[in-house]
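Multiple structures follow.
Shared chain: chain A. Partners: chain B in the first complex, chain C in the second.
== the complex of A and B ==
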């Protein structure tokens, strides 16, 4: 086990709190392994003292609707501009504190796994953006991968070297990142995501100056802490307009990091609107062999750059010969749902249910699932404000998180002509 | 994909969601009459149900003004009617289809302008995906779903964003979208759908043999497709069309704010109103003032 010296920096106060607290928040890591099996704790008493189990589905849906409402209130107008072309640097803290085992098997392993999932989700939602990875080890920040658009190369580099030692240094990381992000074109949005495990930072100079430099370069820094809330991280996020959050356990950490995948609302002065020249290559036939730029070997298939006719294997990419950005139209289409979001559905209130029970539809419009509980009592449902169709709560979650189309509005031509006249 | 020894469903059980094009404007001008086409489809659906006792079929009709479910093989009503399950399919399906076409006609507000009379493919795709999500939620043992579009109407450009959203959602849930296109010219939307989701796109050359095309190419389940040589997609056109002239281009300019595609250099984006080469705040506060510096 760690000796006292190693623990000094990692927050001894936190350890003591864990031992003293007896309620759920202060569980030791080994106790949490049994938390799932304590099924008796998931029972509740209703008004007459009888036991009933928690309705997980309703809870999950209520949580989802709270999240949607908070998102809707922060985007005051429904057509707020979002930063779609993002250049994001992920800073991973590999200092001594990352080997702590309060996140099982270790903070470093949990961070690496979630960063891999985040990278895939990020490129799925932002196909024209790029990511770069930076690590902090022994008080020095090193660039793990350059800014690039291919998820596989980042993930391979990340999983290759996972060892931690030494101190963490926020100032060195921010300096390095600002230096990289200075070189990107002016229409891109510059972002940094710091995954901080340590409780202290060893800086060579004045970190406040570095923060002002970031602010001037219009870099938006967000931090996710794994140990405790730290003032300097909060200050960085406040100054640069980013988001600061602290994870309490592994699933919360996953939620927090995936929140950064969809594009954040654009701060108007940060990026200059510009016309970017892009090419839409045609796919070559399988039997036409040519030497491709990425692997430097002769292959069939692939795409041909429309300007210099060089062959590339996958999209999106930048042609190495002439520098033209090559994309296909589905890549652009992946981001259109951010520009044309659908309105959240309204909950059907119990008052309405009881008053007009015979007029409400019996099944969900999307999946045909019955909206009545056994015993003919209506279950939770939602209604689209435009087409007035009813949906079950599972379809509600699926439609807003994955599909981004309301089946009711799409299935009636009347609503399509109305919507096109609005836009 | 559970590998437990006591699986209820084997690898080759499939859920086939068929999106049937019932657009009157297309069928009135088609060389193959709708009634003949339906008889091909009904024979095909019956043969799919014969392949495996646990196979399920859902049919969604795509009309000009609305879309709706017209047949579900797993719903209790379809099993009790008729002397046997096979005859129930054609009776049920035809009844509901008649009803649907009548409803679709009543909803017609005005004649479609121009020659394009598209059907609401985005609506039926969205409904099919919601149904498939319900099947996924029903537990670890469920049939493997796929979508088959029997479509002939031309692509409606106003549905582009909705169809692409549906395609990406299908790709994430790993649901292949197959298409059997019976119209005159190839449909770019369906070709892209089949390419992105890993499905099969086919435009039969002889419409009188539709049943043969359907049963040889689209009848097999997903597991068995690994052992078959199915038609490969050739020449899927991924080029974009510019927003100003709607012609396909292979090099264009993209607005960094709203990702609209233009073929020529413009000073201002027609979709989002951003002025190029200047920070957003200046453009928003003085939209009409002409600026000499910074004009590109």
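== the complex of A and C ==
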């Protein structure tokens, strides 16, 4: 269960994963009860009425691998073109159903908390993209924040507006969002992420038409449900090429929402090569005070637009004067890894591992932990198809999600270049 | 895929097979080997039809020395088309693997309404008028007239078919009704008569139950079938009712009035003939004196219905003298109608045995038993002589003659019940005279006797040992299979208590208790707020539904429900119900969500599927017992007790539970689907009731779900729906294999497979 949180905190992830291992095998069951927060929730009754803890780790890993595979296959189809410049509208359902307390303290609070985390993660992974927030309440969709690139302003706006009532209306929300997204330049990728608590939608008209409209204007709609599978949501996602998922509990919800942070593959017909004019502004010195365009205040620091010399506080943004897209080079660099992901690792069957144990390494190449469970049973492990090194599951996730480099391949390349230069 | 079951190579058109399909085939094969009848229960959505078809056709292919014919009976035209479509796929596969040797001829047969291609005939609105329209164009005297006078319209398709003579045959292949029509249009041959002709030659016939069970129809269509037939009754859980209906007749006031009109018209016709062409009437009289077999010399296009009594019970005798003359016969009929009218005037409910009834007819109307018995044949002959083609106008008098013949023929297993009004509405005078058959085994007996193997199969045949007793036969195999699932996609629950912990039930003394009504309301209200898309509710009767919906309306519960979902209600009107269903589906499609209130034993409960999002939850409010004060039911119960030693209580529970299982079974139609079932009545938790549910529901009914209150059920529903919304792995993971490939089957012998399943 901790995997979801651990893997994204880039720096500490490795240590945390290590701790997980200790959690799983080092502590006694009663100790674990105190170690993690809600151990009673991960208990399940089996056929004979005995309690047993759910093996979440295997479950999550299987899910993760499936995701990775589907991602890899869709990449192959669309020649690994990805939408790096994304315009994402997050639609938050604040209808009556959002006050249900099956998530603690309430669905609404959980959603808000995780949207906050998502927004930060999103901008971390997609520095060139923008987000807008929309809420549904009393059957009406309201725009909370316009599309923009500043995480703080979104989070502030969201936290100030947390109350729920009335029905939900997906059609109104889609109509509103479509209106916003149609205005953005053609190179940007239009996406909607709907966080849906309600089980029904009260629409003023035919929602099917709205879905077709979204499809026509290439808006990719994804939905995360909080209670159960709803046909219309599934239909929206199928039609527009988005993802549909339903959260089981809070940690699962977090995982699902963070799945939307990395850029999705570009829609093939839409991905025409396009040149975009961008400016790389210089950072001004702290002591040079001038009036910035975003807050209309005089302050030090900030960036200067290379074309019209206007001052802005934060990057990336669009210059308010000349409309130039302003970014810094690290932003571009950070978006880069999405285009060249590491190939998914192959799963090693435990049989193979145990039968040919004398040849294969017994420990993970990444973290040097043993690949054998206590009791000498081989645990799940994976193999890099290029460098043929073995990794444990946690390293597998860490490498694909955070590191974006295979330690095996990297060290061998390094080794090769060193040895070739010596000759 | 291709695999061996003992000495038979089975050709199966798909790459994978469910384990239960495999064991279904094994059992079926054993029954075929033993040349006996069998009874197989397997849940819907597991591919019963294709398993049946592929085993039987493969069995025939592997034993060319004993050609078996497959007769497949379905309940509806829709099911017939589905079956033929599956067969087509299978046939293509077999031909691909075995070459032209595997070619078979398979035809579907339905009424003229579904097969006719003549636009003039087809414009009629109902089945009877299409039949009559056809007869107007194809009857032998009409055609004879047309030869002399070209102005008389005939059917060009039938004429072409007749001209082609014995050359008019279908090339081998599988023909759905659609294909038959297309073929008929292309060749210019009448598809209906072509199909009827090909029934004798085809390897596989797909048609409706009536063609075998209803003696009126079976006598014409299925007369000349060989003994080496495999007869399959699919979806046969109600087969006893079909059998009973085939031999029951219901006479109302309208029928009698119509019959009087018919008689009047026939009298006019006779007068006309007397004036113009008396020789015809005399010829008929002569024929009857000589005792010519009535249908022996008739052409195929002149027959419409055969005798309503079973073939073995029809006397091969000459028509008695007193009704040989046309006007005498009319007089007899008139007296009989008059007598029935008198009986309908009664103020009290009357129940009589056929013997007593015939005695009183003899006394009061002077018609003896033998005369009654020949009524139908005599009428048939007379209508032929009078050259009447618009038979749809004469349905009333046919009903009367049906009644007379049945009453005259059978002394046991029937009773005559006259009710002056419906007991539930005592103010409305609506007298009904019913000849009701109590013994389902009567109508099906000829089928069991005539054919080598009869397969009775359905999704719900529990308890499986009762059917052989009801239908009075000895199955060589009777088995119930469960569904192998990759995930627990059905979630049955027994709800015994409401949110206030008081028991809920539709037991007679509790059903109108306000607390129970409120608890049912709260249950639905809680459920609509946690279940997405469609919910179906079944009530025990229309009157109970009216009552409970009214009281929910008054207490405002209905309004609260409407905040979450729209509410649709089934009514007795078919058009209205269709409209409601249509809108219900639309509401489910567009995400508004909807609740459908329906009645167990209604049209919806029997024929409409609520699969996928159209039914995520079905609530069965109460146990759908039959109306136990109904005279017909009481008479039947008495008969069952005396003849088959089936206790009243047992039969009632069995019947109620099979209806309940039918209702809740509507929500799950395939393995990828999921749905919840709530049995909301405290009586379901008792073992004698519960154990009569089909095995595939019982195996998912966990002990913890046997005694729930509303809040617990809501919690379980939430968890279940979340679990089911997760992406799911079709092939099955872990140790449970639910899809077998060819290698899997070859690897494991029968024994290991059997171990795995049971």
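Here is the rule we go by: the second predicted complex is superposed on the first by the 270 of 423 C-alpha atoms of A that agree within 3 Å, B and C clash if a C-alpha of one lies under 4 Å from a C-alpha of the other, contacts with A are read in each partner's own complex, and residues count from 1 in each chain.
One rule holds for everything that comes next: contacts are C-beta pairs under 8 Å (C-beta built on N, C-alpha and C of every residue); 3 or more make two chains touch, one makes a residue touch a chain.
In this text, all values refer to a predicted model and were calculated from it rather than measured experimentally.
After overlaying the two complexes on the shared chain, residue contacts for A:85 are found with chain B alone; chain C is out of touch. In the superposition on chain A, A:289 makes contact with neither chain B nor chain C. In the superposition on chain A, contact of A:410 is made with chain B only, not with chain C.
Judged by the touch definition given at the top, the superposed model places A:233 against chain C, while chain B stays out of reach. Number of chain A residues touched is higher for B, counting chain B against chain C. When the two structures are aligned on the shared chain, A:306 is found in touch with chain B, with no touch to chain C. Within the superposed three-chain model, A:322 lies out of touch with both chain B and chain C [touch as defined at top].
Using the contact criterion defined above for the overlaid structures, shared-chain residue A:298 touches neither chain B nor chain C, since it reaches no partner. Counting contacts as defined above, no chain A residue meets chain B in one complex and chain C in the other.
The residues of chain C lying in touch with chain A in their complex are 529-533, 563-565, 588-593, 612-613, 616, 704, 718, 721-727, 733.
Residues 81, 84-85, 124, 128, 187-188, 266, 268-269, 271-283, 285, 306-307, 324, 328-330, 332-337, 339-340, 364-369, 394-395, 398-399, 402-407, 410-414, 416, 420 of chain A are the ones touching chain B in the complex. Contact residues on chain B toward chain A in their complex (touch as defined above): 64-69, 72, 107, 109, 120, 122-124, 126-127, 129-131, 133-134, 137, 158-162, 164-169, 172-173, 192, 196, 234-240, 249-259, 261-262, 265-266, 269, 272, 274-281, 283-284. Chain A meets chain C in the complex at residues 45, 62-63, 66, 97, 102, 167, 170, 199-203, 206-208, 225, 227-233, 235, 245-248.
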